[in-house]
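Here the structure is laid out as structure tokens; the discussion comes afterwards.
Letters are used for the chains, namely A, B, C, D and E, taken in the order the chains are written, and counting of residues starts over at 1 for each.
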Amino acid sequence: MILFALGIWSFLSHEALLRKLIAFNVMGGGVFHVFIAVAYRGDTAPPDPVPHALVLTGIVVAVSATALALALGGRAQDAADHD
Amino acid sequence: MNEPWPLSALLPGAILFSSLLPGVFIFLVKEESHRLRTILNLSGAILKLFLVGFLILGVYEGQLFQSRLTIAPGLELVLHADALSVLFVTLSTVLWLITTVYAIGYLEHSPNRSRFFGFFSLCVSATVGIALAGNLLTFVIFYEILTLATYPLVAHRGTPDATRGAKIYLAYTMSGGLVLLIGAVWLRTLTGPVDFVEGGVLSGMPASMEGQLTIIFVLLLVGLGVKAALVPLHGWLPQSMVAPAPVSALLHAVAVVKAGAFGIVRVVYDVYGVEYAASLGLLGILAAAASVTIVYGSVKALFEDGLKKRLAYSTVSQVSYIALGASILGPIATIGGMVHLVHQGIMKITLFLCAGNYAETLGVHKVSQMDGVGRRMPFTTLAFTVGALGMIGIPPIAGFISKWYLGLGAVEAGQSWVLLILAASTLLNAAYFLPILYRAWFRPAPPQWPREHIFKTRFETMGALLWPPVVTAVLCLVAGLLAASPFSPLEWARLIAEREYGL
Amino acid sequence: MTQLLLLFDVVLLTTLLALAVAAVTSPEPRRAVMLFIAFGLWLSMVWARLRAPDVALAEAAIGAGLGGALMLAAARRAAKREAGDSTESAGDSGAGGPPA
Amino acid sequence: MSRDWSLLLGMLLALLACVLLWVLHGALMDQPGPRLADLAAANVPYSGVSNPVTSVLLNFRAYDTLLELAVVLAALLGIWALGPAVPGFQPSGPVLASMVSWIVPLLILAGGYMLWVGGHAPGGAFQAGALLGAAGVILRLGGDPRAGLPDETMQRWLAVAGTAVFTLVGLALAAAGEGFLTYPTDWAKWLILLIETAATIAIGVTLAAAYVGGRP
Amino acid sequence: MTDLLPLAVAVPLLAALLVTALPRQAALLGVLGAAATTLAAGAVLTAVWLNGALTADLGGWGVPLGISMRANGFAAALLAMTALVALATSVYATGYFADSPKAVHFWPLWLLLWASLNALLLAADLFNLFVTLELLGLCAAALGALTGSADAVKANLRYLLVGLLGSTTYLMGVALLYSAYGALDIALLAEHIAAGGDENNAVDAAALTLMTVGLALKAALFPLHFWLPPAHANAPAPVSAALSALVVKGAVYIIVILWLELFASVATASAAMVLGLLGAAGVVWGSWRALRAARLKLMAAYSTVAQIGYLFMFLPLIAATPPGPARDNLFAALVLMALSHGFAKAGFFLAAGLVQQQAGHDRIDDLGGTAQQMPATTFTIGLCGSALIGLPPSGSFIGKWLMMQGAIEAGQWWWIVVLLIGTLLAAAYTFRVLSRAFGLEPTPLRFVTDARSEIPALMLALTAVGVLGLAAGPLWTLLGLGAGGAA
């Protein structure tokens, strides 16, 4: 939760793309952590696999989005340089 | 009831489409294809005239004409022909034909004719839709479409003036349309679908709703009053005089202002019911608004030098006779108001067409330039004279009949103050029309006209420009002279009044 | 034993939060990315502790690993551009984007 | 954004975090029920794989995973749409080159192992794909501007392979009357392996191409 | 029968893969794929029309373990709208991108976008919705940046980031719900939430808030709309059309589902009022900015902010109306407004794109000659404009009529004031454009016509104005509502 809020705060208060993306990933980490915590059922019972799968999906999605955002950022810089 | 005649459901729709379809096709016609466009225009107009002929006969015999289309549950588009619709449909159809002929001549070499005639046809379709609307929803729909279709006509010339006039026109009518919409929706939530029924549908409403119904009436009146140019909602009308003459003629004689006036009549008679409206004290509001408008419009007309602007203020004044007729309880006043719907239409269109002729042939736009036009253009000026005298109310021209019945009805209803209004307005009418006639016939012509076109015809101007006003002037005379014959506007108005009052 | 484990957990979480705060507050891009990668790896450790080895593996490989690599590359490009700008040397030698 | 605003925002969000933490705590305390854990565990034997996470990913919630592959592809297409890649780095020194030459095969091998092991132990297509991608990244760091990727046509085919195989298997099953992505129990293992293999290659290629960062 | 639902996603997905792999035939394959997708959507629509709501359990596991898809009337209506708009846009794009190297990049992303829209509309699972949202967001941002200009790339980067923030916030709400109820299926969760009563109020409220805020960010609800105008105004025209008409609707669709279905038992009228008031603020602000916009596409983009606002204004009205025909009418009106706006705005953007290509710019004040050279396009803009204003006979006229009716019945007259202001402002900005067509520029003797691009736009406009306005009745049947009757 704290990670989530930290992420939002950082996302909103930083201008630079890279820092926004780090913030976004930290924020995502917070959400994923909630899922993992929900799945955890003590040291004896096996954990719930469904949230694990959701988090896996989420991680891949987040990285894809990060990659696209970085590419867009690079292109924006190039375009600005050319103009 | 009698078995519905299969045509009875189709005829109202057919009348609507007889101008709508040609309109749509005209948009696609190439600018240079003068002949094709004319054929489309005239065939639509003539076909419509035939269809309306059927309609008149049918309605006279008491047949029911109705087309229904459900657009959403509880919301129905209803086209319905009763005696009142027929009056307005006939007026618009006849005048459409005449104006179309005129416009073909008037716009001979001007640009964007396909666009003009396309919207012109849409405009008439919307007017006919308003006339045939069988419930308030349908009325509102066509009322808004009319706003849309007339905007391009007002803006047609594209000059900064025209753009400005069109903008003002749009601002007024759009706001009015919205107020009308609110009133209509509100009324619908109280009563369900508001069908137009002779005698009104609201008389059974509980007393607790009277407050709301009064507010709704005012909303509807304001919404309709914008198009009917009730003071102080008339501001758009003189501004939109920038439009080409056929547009002014059609807008001011038939389409826009009449749509407003017709709507007021509909609301008073077929929604509230004239007796119920009187019992709520609503007629007083209407009468006051109409009277103020009549006098104010006439006074303003007196001080206008521009011919079309003077005619516009005259329209402001004259259209309110219709509202005045509706505001007096009693069949005779009703007849006066209804018949004026037609009479004012043919008289005013005559005047506007003549004004267009002066402008197009001689370049005369102002009253002060009209010295001696009678000798240069005798037929046009004769037609103009008939129209003007009719407006003043000189017998045997049509206008006299209207005023006579209005006065008689007022006396019958015990509202003699109306006579004062009529007298004042007649004096003012005379004061702003007679000087024009004097100038036209008795002052010497100037050595040179502002901008004269010589047409290679036997007559004073092009045939397509000359004959329409002459025809309408003759109609004014005929409507007055043969007022007592069957199917005259007066007799038809009498039929309406009988049905409205259940006589 | 449980107390030791609890202590372990607390240390784990505190470190995680500290890394996160450090990553998002660090103004220098490359340092921030490094801290972020550390944060990701640490997070995967926490998850492994929470018996989610699959996810931990994925986070380490994809989230921290590839995501970090992408960001590092971007950070390096940004740094190079800045250097290029400051020395006014023949513009951007690297980027060869076509006109739009 | 000014410092003051940032501070205010921070305080508000700290408040939000506390509220959410309290809510989550309440939710976890109130209903420590099994949620889907037991249900999933009971169905794992019929899913064709023994790793519960893999059975959720590729069987119970396979549709999510299919769309997820599409997300990865979308990111790559978006990157390609932005123009050609930035040229690679200078050729590396001999130390790095020799390191690359043994680390890359190792990564590919590890990827293959990860893919295979995903059926019954932690691992699977995504992790394996990530390792392949990492091999690409290292190749590019080592000086290969194309990160060891094949030519454009081949790249396109490989990038869509995962999603395509996944969708086609789903549709084929639907056509066979089983329903979209409904594996018959006997075939489940092999179908999942087929999908995973295609997905691994696609993810590896996509991630490496995304790292290269432009149209091939 | 139930295989139809995955088919509606699989067909555009496969088409996207195919055009990715075979870039040389992109346009041809793209149009074929568009046609096939339209057929699939049509099949879903027909099936829903004939049999009512459909569900499909994917993988044969059933909920709560597996994922299911479903198509009710609401989803089917939007699916059909998406199909028609996307088909028209596809045909238009063959002309727009002819001889452009961008075509190769446009088609795969475009079909993928379509697939994600269909998947979103047919999803019955909250996490599945998250994945579709992300796919949608990525495709949309990538398409929006296709022109490659600095403005476009920057605006769409911001759009992407805002979307990520929104969807992550949404996901947090999903996590809370899962922790409390152990389910992700919407219908199942709705049952749990209704059955839970007051027990989990805090979780419900927190989840609803998080998910709504996250989605409102993607739906550009005022004041979270700031990202929309630059992103939509700078994208290529076919993309702008899809972004404004379809993509934003996706988020609105989920919000409507959340409020009227998932959290129907706990969403309070006062909370709905907040959304409604924000919507109203969006109407006024968006319309005002549209009026002040210097460029045609920017104007259209601000108008989207306003039109989305109307949709949110329905929520408090529906909350205040007891179940029955009156409420059904309001819901149908909401859908009708969404559909009309979809068609009209798509048509508008397509037409604006033609104007821009012809004139080389889209500054409204300098468009006089262009407007006259392209009568069909100007006519399209006029038709779409009248649907945006809500003039008859457009679908939004009926929508506004029913909204006013509902507002009067619920005693919430202030919505009518908003409606009035919004309508007048819309009229003002529409006619600001149209009046350019009546300038003094010489009448062109030859008109610029390009049937391939003009007809799709015109068709969309006619659907918004003619079809939806005059034959909206079947929508009630499709939505499974009884005839509204005299409400």
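The rule is simple: a residue touches a chain if its C-beta (ideal position, glycine included) is under 8 Å from a C-beta of that chain, and two chains touch if they have at least 3 such contacts.
Everything numeric here is computed off the predicted structure, so don't read it as measured data.
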Which chain's centre, taken as the mean of its Cα atoms, is farthest from the centre of chain D?
-> B
Farthest CA centroid from chain A: chain B
Most central chain, judged by mean C-alpha position against the global CA mean | E
Can you give the whole-Å distance between the Cα centres of chain A and chain D?
-> 15
Could you state the distance in Å from the CA-based centre of chain A to that of chain E?
-> 27
Chain centre separation in whole Å, for chain D relative to chain C (CA means) | 19
Gap in Å, rounded to a whole number, between the CA centres of chain E and chain D = 30
Check each residue of chain E and list the ones that touch at least two other chains.
-> 65, 127, 131, 134, 138, 141-142, 145, 148-149, 153, 172, 176, 178-179
Return the residues of chain C touching two or more other chains; collapse runs of consecutive numbers into ranges.
-> 54-55, 58, 62, 66, 70, 73, 77, 95, 97, 100
The residues of chain E that touch chain B in their complex are 325, 329, 332, 336, 375, 379, 386, 391-393, 397-398, 401-402, 404-405, 408-409, 416, 420, 423-424, 427, 431, 434-435, 438-443, 445, 469-473, 475-476, 481-487
Which bits of chain A are touching chain E when the two form their complex?
-> 4, 7-8, 11, 17, 20-21, 24, 27-28, 30-31, 34-35, 38, 50-51, 54, 57-58, 61-62, 64-65, 68-69, 72-73, 75-76, 79-80, 83
Footprint of chain A on chain C - complex, ascending = 16-17, 20-21, 23-25, 29, 32-33, 36, 39-40, 43, 46-47, 50-52, 54-55, 58-59, 62-63, 66-67, 70-71, 73-75, 77-78, 81, 91-92, 95, 97, 99-100
The residues of chain D that touch chain C in their complex are 51, 53-54, 82-84, 86-87, 122-124, 126-127, 130-131, 133-134, 137, 207, 210-211, 213
Interfacial residue positions of chain B with respect to chain E in the complex | 27, 31, 69-75, 77, 111-112, 115, 137, 140-142, 144-145, 148, 151-152, 155-156, 158-159, 162-163, 166-167, 170, 174-175, 178, 181-182, 185-186, 188-189, 192-193
